[in-house]
Amino acid sequence: MSNGKVIAQLENITKDFDGVQILKPTNLSIYEGEFLTFLGPSGCGKTTTLRIIAGLETPTEGTVKLEGRDVTNLPPYKRNVNTVFQNYALFPNMNVFDNVAFGLVEKRLGKAEIREKVDAMLQLVQLGKMGKRKPNQLSGGQKQRVAIARALANDPKLLLLDEPLGALDLKLRKQMQLELKTLQKNLGITFVYVTHDQEEALTMSDRIIVMNNGRFEQIGTPREIYEHPQNKFVANFIGESNIFEASVVSETGAKGTLTLMMENGHVLAEGEGFKYDEIVYLCLRPENIEISTVSREGFTLKGFVRDHVYVGNIVKTVVELPNGKTVQVNRNPHGELITPGMLVNLFWDPKDAVVMHTREDYVYDAIEFAVLGK
Amino acid sequence: MSERSKIHRQGVWPIVFMLLVYLFLYMPILVVVVYSFNRNASNMTFQGFTLRWYSEVLHGSNLWANLFLSLKLALVATIISVVLGTLATIGTYRYEFRLKKYLNAMLYIPLVIPELVIGLASLAAFSRMGMKMGFGTLVFAHVTFCLPFVIITLRARIADFDRSLEEAAMDLGANEWRTLRRVTLPILAPGILAGAFMSITLSIDDVIISYFVSGADQLTFPIKIYGMVRGKISTQVYVISSILIFAVVLIWPAGMVIRAGHRRRHPE
Amino acid sequence: MKKRSLNPNFLRILVMVGPSALWLLLFLAVPLVYVVVMSFCTRGLYGGIQYQLSFASYRSIFSSLYLKVTWKSLLMAFETCVICLLISYPFSWFLSRVPKRHHGILMLLVILPFWVSALLRLNGWSNILRDSGIVNTLLIKTGIIKKPITMMYTDGAVLFGMVYCMVPFMILPLHTSISKLDHSLIEAAMDLGANRFRTFIRVILPATLPGIFAGTIQVFIPSLGAFFVADVMGGGNSVYLGNLIQNQFLVARNWPLGAAFSVLLIVFTLVMLRLYTRIGSLDDLA
């Protein structure tokens, strides 16, 4: 994807509200035809970033470029970018047809042309016969489709979607996720999507930007983000994770395989660029941890089984380490009989373990918080 | 019967009470209508049915001029109030500025200060500015007390207005003026109409302020009546007011029928 | 110190808010300030004013005659409020129990009488209540009484007329307040063991207090100035503050005294508002 044509750029963008910087200096290139998702908890600055691209907010500093042109101070109606709003923002005084035609009327297109285009759009979102309905006569899913058709009718270079599925129920949301993805593939338009739902992001995106506290924590494909989180926040936010603190004891064996010392034993993991004695975070997905009564070479981590539940096709096991910390394991233990109270060994394929530097600024943040109370 | 269901039980008394209040409000209007058909010119007692006064009024009466002045005044004052008030409401809703709270304070003055004070203050100030009392001064004073009602009625509506609708319009290529015309104003229309209705109603009924600022040859309908109150109120006044009532009673159901028809074609 | 920069939307604000602000400044704020100035001036020889500092007007206000009138007016305004409340509260309460789709039309029916001049409606009452009016005629004809009961041209008649004119202004804010009331609160109160009276005192009344006060202000203040009610219903027998000011201004042409009385009314208003803003928000007034 990164070798595609750049369609939009954010250069050193920041945003202050009432003297609080809610968007830290941000740089980003958006490529033609990609499905890019901003993912993060509420208040992380993802919607603000989207609104800056749309022109609904002016950045405090920095430049926004669309197709190489500086549009930082252009109002939204002079940008070839359209938005699907979180609450749909359908005009209640207009029927579905007029809603979809809104932007085309502003472009002063002819009546016949507008009709043709709107009908095509309504066909596209499968609302062909709904043109005469008023927004308050539509279901949530239908409103959603109208909002998408309305934005797409203007042939935007970039379609911005602000939590568009947030108000729908789970089943409809799943269905719309697939439809949106198909739509995007068929049209070849760049989608910039904002959501706080990690599953949604992982399902739909080509690239995900994980945001927290106004900064980008990680940019990558869903696979990269899931399998190689770069820091503790991403590891925690995406999927279930077991995160341990450990120190690097030695580099042993094959290149990149580290021996790590944890509070309750030593373990193996792969990683590059770690120093001897460095304190690191070790992140493991529950489905990658194995438990067995038999020990594995290189691992001395043991714990007691606290809980062992069959949930459909997987088995969820909770293991308590001697220091009281619990470990979540979602893996079928090779036919071995596991019962609560049993002492088991924990181990994994070193390739599946993710080792992360403890980000120093977190430490500084913590110190600052402790000392200054701010 | 449990306490819970008791509060939902509706006896006949609430309806009787409400009807009595409406009777209280409409009783004198009924008298006005009945007396407009009174054969007795003195208006003291009802002595039989006649249409004499109606034919008299329809063949020409000086009072029409006063009524039309009142209607014209209400219309002009309302149009000015609605235009100024709508702009100001949207402006104060959209933007933050330092003098906002002073503007708000000024808006509440006509709501809380006796009309009498506003009337005499206007008279004194207008004469000081060298203005002659007449239609102009009436318009100035009426807008001054109608404008706050328009703004406050509209402000209650705009509080529910979804800001993202304006953003959506701009996002779809409408500039600020087009957004106002195609989205903001149509959505606020019910509130604007409510404010306009309030404004017309208050202006038409106003006695106190008009009393101070109307010129000798430009009397509104209520002021003309006020001039007769101590002596005898001409039956023509009853007739003209009755005609106004008949107009409202006839136009209103017609409007309801049209609205009902509209609703049937576009069900909610 | 923070730099005072020009608002980026200055031009838009000027165009949208400017006209209304200018209008209110010119036709409302300036005249009111002028009234205050006038009240400290000397009366001109042939009406009007002379710009000469004087407290004569304020001294006259506190003469025993005027104090009596002021007291009488305040009392009547108070009585008007109480009676209006006693009519409007149950009315608005029952109205809130009617299906919501009828509220619009029922409230419209409360406002609609304004389309017939208040003077004429009061005159209608006068036709009903006077010695030779409908009520007395009926009572005499049916033989219940021999001599007509005098109802018109008394202080009671003025109070009656005042209540009649002001009731809609009490109903409007009360309706807003009561229809906003969350009925699950009442059910919760009863569920927690409060009887109907206790529920009213502890839940309903506090929740609708803003409406009650908004209505009180909208009735109390105008009834201090509505001179025409006393003219029609009192027949010139009763003089209230409103009549006094009107007379001083337009008949006796003593503008400074009229202005001083106006300042007195403004002070009453401010006192009321001071009490009010402790309880509700000004926005409930609409």
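In order of appearance the chains are A, B and C, and numbering begins at 1 in each one.
We take it that a contact is a pair of C-beta atoms (placed from the backbone, for glycine too) under 8 Å apart; a residue touches a chain by one contact, two chains touch by 3 or more.
Just so it is clear, the structure is predicted and the values come from calculations on it, not from any experiment.
Using the contact threshold fixed earlier, the set of chains in contact with both chain B and chain C is empty.
Relative to the whole-protein C-alpha centroid, the nearest chain centroid is that of B. Chain B and chain C have Cα centroids lying 17 Å from one another. Between chain A and chain B, the centres computed from C-alpha atoms are 56 Å apart.
For this pair, chain A with chain C, the centres built from the Cα atoms lie 60 Å apart.
Annotation for chain B: residues 176 touch two or more other chains.
Across the complex, chain B meets chain A through its residues 162, 164-165, 167-176, 178, 182-183, 186-187, 189, 266-268. Across the interface of their complex, chain B is touched by residues 54-56, 75-77, 81-83, 85-87, 89-93, 102-103, 106-107, 134, 136-137, 150-151, 154 of chain A. Of all residues in chain C, only 7, 9, 12-13, 15-17, 19-21, 23-25, 27-32, 34-35, 38, 87, 90-91, 94-95, 97, 109-125, 127-128, 132, 134, 137, 164, 167-168, 186-187, 190-191, 195-196, 217-218, 221-222, 224-228, 231-232, 235-236, 242, 245-246, 249-250, 255, 258-259, 262, 265-266, 269, 272-273, 282-283, 285-286 touch chain B in the complex they form. Residues of chain B that touch chain C in their complex: 3-4, 6-7, 10, 14-15, 17-18, 21-22, 24-32, 35, 43-45, 84-85, 87-88, 90-92, 94-95, 97-99, 103-104, 106-118, 120-126, 128, 140-141, 143-144, 147, 149, 151-153, 155-156, 176, 198, 201-202, 204-205, 207-208, 211-212, 221-222, 225-226, 229-230, 233, 237-238, 241, 244-245, 248.
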